[in-house]
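There are two complexes below, and they share subunit A, which is joined by subunit B in the first and by subunit C in the second.
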Partner chain A sequence: MTKEKPSLTADKTPSIYPAKTKMQVTLIFFVIIGIYLFSMYWTQREMVGGIGGALGNMYVVIEKFFPPNFAVLPAIWEPMAQTIQMAILATTVSAILTVPLALLSAQNVTTFKPLYYLTRTFLNILRTIPDLVLAVLFVGLFGIGLFPGILALIVFSLGILAKLISETIESVDMNPMEAMRASGGNTLQVIWYALVPQVAPQFASLVLYVFEINIRASVVLGLVGAGGIGLILNQQLGFYNYPNAMAIIILIFVVVIVIEFISNKIREALL
Partner chain B sequence: MIEFKDVSLVYPNGTQGLKNINVKINDGEFVVIVGLSGAGKSTFIRSINRLVTPTSGSLLIDNEDILSYHGKNLRKLRTKTGMIFQNYNLVKRSNVLKNVLAGRLGHTGTLRSILNLYKKEDIGLAYESLKRVNIEEKLYNRADELSGGQQQRVSIARVLTQQPNYILADEPVASLDPPTSHQVMTYLKKINKEDNITTIVNLHFIDMAMEYADRIIGMRAGEVVFDGPVSEVSEQTFEEIYGRSIREDDLRGGANKS
Partner chain C sequence: MENYSLPPKPKNSLWKKIKTIVITLLVIGLYVWTFTGIDIEWSRVIERALNNFQRVIPKLLSPDWSATSEVALAMLETVFIAFAGSLMAAILAVPIAFLAANNMMGKYLSVIGKWILSAVRAFPDIILAILFVVAVGPNAFAGVLAIAIGSTGMLGKMFSEIIESIDMDIVEAMQANGANRIQILFYAVMPQIIPEFLSYAIYRFEVDIRASSILGIVGAGGIGTMIIFASNNRNWNEMGTILLAIIIVVTIIDFASARIRRKIV
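And then the complex of A and B:
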């Protein structure tokens, strides 16, 4: 009786992946492990100091930075507010500029290929420029202050935002757009009625996300002279006034956490 | 009146969608197009409102060749041909009224429609249309809260709001269950009779075609292989159209309700 049953011996049941895939995955696994081992060996050979020195330095740093001098807080509120204003202004402007760019770089809306490739390429170039380079460039053009910082943030966030939103647009359900076209709507009406309701929540969420990025970026931009709290932080570090610098760092930390918390809550509610 | 004169369509990838179609559809007719999937039913129907463009021949609607239309002409043509889709094609995140008002897009200026400044009559018309398909109580529900049959009724209301001369329905019941399918077809038939709107419906269910059509056009491989009133149609006619014997899944069933 038992012999009559279909026997499920090891060589008869198929494995989940074909043998060839298994071989490939195993090979790739070992190649990657090899790369890791090699780079570990290489960096160790080139490294001077190592971890041992860092522990000793840590003590020096802590001694210099602590206790933070919170007495400077009233004086640094204003540059902190400037940093936030920079981020708000830059995010707003880039959110507006994004709309046409995102539409033109979405394959399902811009069916005219050359225009699509042109905007795509433009946005790709925009994204390859690091924000710090932009800031240095604009500070060179307009002098030290908030304006070059805002410009740098606009260009920087435009690149990210337009790319993310054009991808959202490309993933949208095309059927309602066909229906609007079939009922005699023109391009603008089709976009407004069938596309906008589908991307609006994602749009708001991505704008908030870029706002978070902009807050952090605007601090760093201050270091190269683009205004805001970063500029003050850089000055204090330059004067070797570490307790003041530490107070500024803690303030930035708290503000960033609070803003990200609020923004996350809003985004959760949106999606 | 819709007149296909030697219309052919070859898709860019070389597929022949339509092959020398010669068909004349008179005002007020209820025509059902039958055929297997891939027979060219959709291409036929979408040629009429130029969602696809035939590559040769001429297609006359109200004695004007629409194949040369573009821009404003084309939008005007689409304004007078309403379309119903298999997947309802509603904007899921918008409410029912807004979806139905979209039927007025072709009649409304761009700025007015973007600012939601519809004429009072238009909003009234949209509400009337919802009433005609008995779904007016869902006015402010989001479209994705409705069942399939309800969504298809909303899309019928959208077409009614458009006040078209022609209604094109591309497999309107393929995603619905038998009772809902009959309900949707009954509404389409009623509108056809009451408003005298020429209606062209794609179906692949034989029993539904027989029940609702005035006239049946059979298609196979992009060609019209049968064209005649329902009274001339028998099971053998369908076997000829389909090129095989009739099977269980060619029937929708559930027609016992009235």
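And then the complex of A and C:
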């Protein structure tokens, strides 16, 4: 070792990666950086004062949010409870509706291919639409209130839940099912005695996971008029009443953390 | 004739029975609370639905093609917001993930890191967007910041789980050979985590496309701005175009991302 160069760039040691891979990686890297810089330019072109001004402004604004006005807590407790109730109801309904959909979109249960592809495609399209867009649509259809919010949550979580559960179904041990079929069980019996016991714990765990997602989604549904605490938050922001808004945001934060903690504990116990 | 009877069922202990009863009561209580709390004015919902179905659904299904260029531009902005946001998050998440992984830093630092990550994750994206819109004004950059911070929570958690699952034997072997921490990082840790990091970052980009398409509802740019205008003006034809754009773009990106991820891992 007489050379001063670090071993990485020493010309004698052959590189681990072929030159072609290196070229490709470098090229991809620069393309990504290029798109990133362009995205940054594009998204900032309407911003007044540039990034420096924004950072200074952020400090001023954050000061406006503090201290949060916790005196509003008693008044916002009821919409918060309603938000949680919306999530519970929506999760329950979608957990029921998901059963046939998940069975139809599991390759090992639905042996009739066209039906399987049809359900899969339907679920894939369902999952592309974000929750708030669904809420906007349903508010347009059913008017402002809780009902469009609950419906949006049901449809939104149905897409996720059915996909996750159908994947669970596809990964089960097929031997009990075959044994049931061989001893003359019909489709329903096979599902009930061979499939349900295998997927039940995962099913419960995934439903709880989707419940967490629904809680997060339901707190913001009110922003588009679909009920819950988001409606109050939107009003307070509209009145530039930032301390009240901050109190609501902190309440949302605490509720989400508590529910997630409980749900995590239950899921750990289940699996 | 042999007697084919089922084996006896395992006996449940008293403790288990009490537990089942308590849980059942709790669940029933939760549902009673839910159903008494939710009160939907069914008559109004049905009346509205009957009035609106004729007006809304046919229009949604016949998209307004004259708005295509405007919608395409807004969708492009949405993709830019998601891209810039996920890339920022992917970079920000790495140091926090190392902090939160319990096999890298000490046990106490890891707990702090995990707390930071779950605190960040508790904020819905839209709430972050509201805060940033107030801070930097109603433009797409507020959306970028909201996506960046929101995704950092999730990516940080995923990354730290990946780091925790690496093969520590290699790290030990390098330590035994006298490698310093930087060398261990580059030759023992990084090769193991990079493919999965990339895979999760790309997956997060998929999620962020969906998230950024609604940020405009609170003024943070992208196609959400058009959604809120279209719904306020009851312009359901345009809404049809927007929905179509979201479905197409999200499907393409999901597909592309799935292919890239399969190649990487």
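Convention: the second predicted complex is superposed on the first by the 219 of 271 C-alpha atoms of A that agree within 3 Å, B and C clash if a C-alpha of one lies under 4 Å from a C-alpha of the other, contacts with A are read in each partner's own complex, and residues count from 1 in each chain.
By definition in this document, a contact is a pair of C-beta atoms (placed from the backbone, for glycine too) under 8 Å apart; a residue touches a chain by one contact, two chains touch by 3 or more.
Please read all numbers here as calculations on a predicted model, not as lab measurements.
Legend: residue contacts after superposition of the two complexes on their common chain; A:F30 is shown touching neither subunit B nor subunit C. Shared-chain residue A:G185: touches subunit B; no touch with subunit C. Looking at the shared chain after the overlay, A:F70 reaches neither subunit B nor subunit C. Looking at the shared chain after the overlay, A:G145 reaches subunit C, while subunit B stays out of its contact range. Of the two partner chains placed around the shared chain by superposition, subunit C is the only one that A:A217 touches, whereas subunit B remains out of contact.
After overlaying the two complexes on the shared chain, residue contacts for A:N175 are found with subunit B alone; subunit C is out of touch.
By the touch criterion defined above, A:Q44 lies against subunit C but remains apart from subunit B after alignment on the C-alpha atoms of chain A. In the superposed model, C is the one of subunit B and subunit C that contacts more residues of subunit A.
Residues 32, 35-36, 38-40, 42-44, 46-48, 51, 54, 57-58, 61-62, 64-65, 81-82, 85-86, 88-89, 92, 124-125, 128-133, 136-137, 139-143, 145-147, 150, 216-217, 219-220, 223-224, 233, 237, 242, 245, 249, 252-253, 256-257, 260 of subunit A are the ones touching subunit C in the complex. Residue ranges on subunit C touching subunit A, taken from their complex, read 30-31, 33-35, 37-41, 44-45, 48-49, 52-53, 56, 60, 77, 80-81, 83-84, 87, 118-119, 122-124, 126-127, 130-131, 134-137, 139-141, 143-144, 210-211, 213-214, 217-218, 221, 224, 227-228, 231, 234, 236, 239, 243, 246-247, 250-251, 254. The touching residues of subunit B, when paired with subunit A in their complex, are 49, 51, 75-79, 81-83, 85, 87, 89-94, 98, 102-103, 105-107, 110, 113-114, 155, 158-159, 162. Of all residues in subunit A, those touching subunit B in their complex are 173, 175-176, 178-186, 188-189, 192-194, 197-198, 200-201.
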